[in-house]
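Going in written order, the chains are labelled A, B, C and D, and every chain counts its residues from 1.
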Amino acid sequence: MKNFEYDKSRVINFSDAVFSIAMTLLVLEIAIPSARQVKTDGTWSVLSNLIPNFVGFLVSFFVIALYWIAHLRLMKYVSSIPSKLLWLNILLLLFVVLLPFSTAFYSGGFVHTGPFVFYSLNLAIIGIFNYLMIRYVSKKEGVALGLDTITAKWLKWRALNVVYVWIFAAICAFTFFWVSRFAFVLIFIIQPFIDRRYRKKLNS
Amino acid sequence: MKNFEYDKSRVINFSDAVFSIAMTLLVLEIAIPSARQVKTDGTWSVLSNLIPNFVGFLVSFFVIALYWIAHLRLMKYVSSIPSKLLWLNILLLLFVVLLPFSTAFYSGGFVHTGPFVFYSLNLAIIGIFNYLMIRYVSKKEGVALGLDTITAKWLKWRALNVVYVWIFAAICAFTFFWVSRFAFVLIFIIQPFIDRRYRKKLNS
Amino acid sequence: MKNFEYDKSRVINFSDAVFSIAMTLLVLEIAIPSARQVKTDGTWSVLSNLIPNFVGFLVSFFVIALYWIAHLRLMKYVSSIPSKLLWLNILLLLFVVLLPFSTAFYSGGFVHTGPFVFYSLNLAIIGIFNYLMIRYVSKKEGVALGLDTITAKWLKWRALNVVYVWIFAAICAFTFFWVSRFAFVLIFIIQPFIDRRYRKKLNS
Amino acid sequence: MKNFEYDKSRVINFSDAVFSIAMTLLVLEIAIPSARQVKTDGTWSVLSNLIPNFVGFLVSFFVIALYWIAHLRLMKYVSSIPSKLLWLNILLLLFVVLLPFSTAFYSGGFVHTGPFVFYSLNLAIIGIFNYLMIRYVSKKEGVALGLDTITAKWLKWRALNVVYVWIFAAICAFTFFWVSRFAFVLIFIIQPFIDRRYRKKLNS
């Protein structure tokens, strides 16, 4: 008997729902300034107090978007979902679901090291499960369809890029405040290089 | 090698999820009157205190609905989703996600100028990304399918209508309180004229 | 030129998302008893204080479920979605979205008349838009597919049943406390009679 | 006339949405530590105070995931959805929706018996509806497609396993604190035995 295989489209729909809900819940963690605060301090001052919250919101939003895009790319090559892939996917979603908490924890304690390390590690762990899913799909026979070795490596490097940057950010946090807070920019700087390299390889 | 193209139906499902969650979260920002308030002030008085919240809720609900309809109309003509279109879509969704915050910020500080300007600009920015998506789809070869020049212009004008009205509302806010608060009505007044004009053009 | 027609499956997915989110958000309005309350008053006492909240939660959950089932039934016969049907659907969803607020307002002020009337009218209005959608679909040529006159009448009576019961509940609230609070039971008592009658008609 | 049958894909999408929203809302019930707490007590101390919340979050997340997987497996064999199955599904979702409340109630009053019993029974009830759905599908003629007797029994035992463990946990709670809190581990210990047994049966 073959092992049980799950309905791919349902797993995708479910994952998309979790991604989109987590992204939307991020905004609930930004406390809404009261009319009194606006009256006494002015809109600018009130909004500038919220800068850590907006930074957290934006970074989390874009990083979830990146992970969602990675999911989109990987699933295009997946032809069937065995139990192990399903559970890797569920574990990935677990840490996506945790992100609104981590983001609010970090935004609230912007100047502290601990919350930021917690936040970075949360993001790194999502990346690790993303990587494990790609590895599983590319290794396991009969799961992928039309995924050549070069594209598999490309996807893996895109995944590892995010993981490395967040681990780097977590380590930096202990000594270099601003470097750690803006380390995520590296993801978007390094990725085009990875993309260019593998586009070339695929064309040759 | 062709550039990577994303699964259209997943991108649509994901966008629909974000639109629907943002619309539903709007209601969470209306504070629920306590039994004590109802007892001392009466239901009418308690509800009339919430009028700014209901106004904000209704305006945001209908404007998100309009943007969702624009998305429905545009995506009907899209045959493939390249990376740039995906990112324009994600940026549009970012500002849709921010809307429950802006709405609550504006409803809470109904009489203040700053929160309303913030709210108007949030809505205008969604409109701008809506416009940029339409422009990209109509310009880029191989992305649209069956989108004639007149319909493309029609969609663009519907998009710009909303953008102009919200920028107008933001500017009015500094001097004309009530004009700015009800400027959104213009959207629904102007749109039928745009529709009529382009229906005629398409029929001739 | 034909009028623009919307993608039926997207409209359905979007509506399902709104229905499901509104149903799930209902639970957020039940305040969670603190450990201290549990310690001093005991679990039973703490939970029995929440009975109004559970009643509100259950009633709203099942009434939204009924409306969702009505939507399921109607949409089975819809072959295309013109602009007017889309807007009726959006208005229906608006009042579905409002329901977590109404439910919490009513649960919080269980003994007061005003909040219950507000809640009943909210539910009645959803029912009215449900009815208007059915009427539009059955009247407008080219929108329905395979919807015979008897089934159309059946759907309409199922819709009106809910509307009448909630208006009855709202009126009762001014004089008969308990009758109004449990009037919703009538929906589930009357519906089988409607079903039986129209099943007979369809079979003959 | 045949009884009315519901659109299977809509029922599935709706259920997936409810499952995913309930799983994501779990995180909202973890209170976010303030910057002041982080400053005075340190990150470790602040996070360790949240251990009951994280335990509740994790257990609920994985148990909902299990129920979702059971739903995935069952629905694969369902070819049509009659009214009774739809209502069993809605009742199952009702208790899934209640779970964020139960989880927060239990996490907040971790040391108390009552909240934990409430939580265990909530999870057991979901399991019971899961079981009733499987029984209905396997019994009722014309509902299942390709569901042999052995697989039906397999699904039933997987469902009953979860029900029994949570009832066991609820009973233990009155005398054995730690046994009850970690009884859920039994689910994951027993399930592989059930799986192995029925895989063998299916192969022979």
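Here, a contact is a pair of C-beta atoms (placed from the backbone, for glycine too) under 8 Å apart; a residue touches a chain by one contact, two chains touch by 3 or more.
The chain list, named the UniProt way, goes like this: A, B, C, D = TMEM175 family protein.
Being a predicted model, the structure only gives us computed values, none of them experimental.
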In contact with subunit C (TMEM175 family protein) and subunit D (TMEM175 family protein) alike are the chains none
Taking each chain's centre as the mean of its C-alpha atoms, give the chain farthest from subunit B (TMEM175 family protein).
D
Do the two copies subunit B (TMEM175 family protein) and subunit C (TMEM175 family protein) share over half of their interface residue numbers, or under half; same or different?
different
Averaged-CA centre spacing for the pair subunit C (TMEM175 family protein) and subunit A (TMEM175 family protein), given as whole angstrom
37
Would you kindly tell me how far, in whole Å, the mean C-alpha position of subunit B (TMEM175 family protein) lies from that of subunit A (TMEM175 family protein)?
26
Mark out which residues of subunit B (TMEM175 family protein) touch at least two other chains, giving numbers and ranges.
13, 17, 21, 28
Tell me, which parts of subunit B (TMEM175 family protein) touch subunit A (TMEM175 family protein) in their complex?
1, 4, 6-7, 10-11, 13-14, 17-18, 21-22, 25, 28-29, 86, 90, 93-94, 97-98, 100-101, 104-105, 108-115, 117-118
Residue ranges of subunit B (TMEM175 family protein) touching subunit C (TMEM175 family protein) (in the complex, touch as defined)
12-13, 16-17, 19-21, 23-24, 26-28, 30, 32-35, 38-39, 42-44, 46-47, 57-58, 61, 65, 68-69, 72-73, 75-76, 199, 202-203
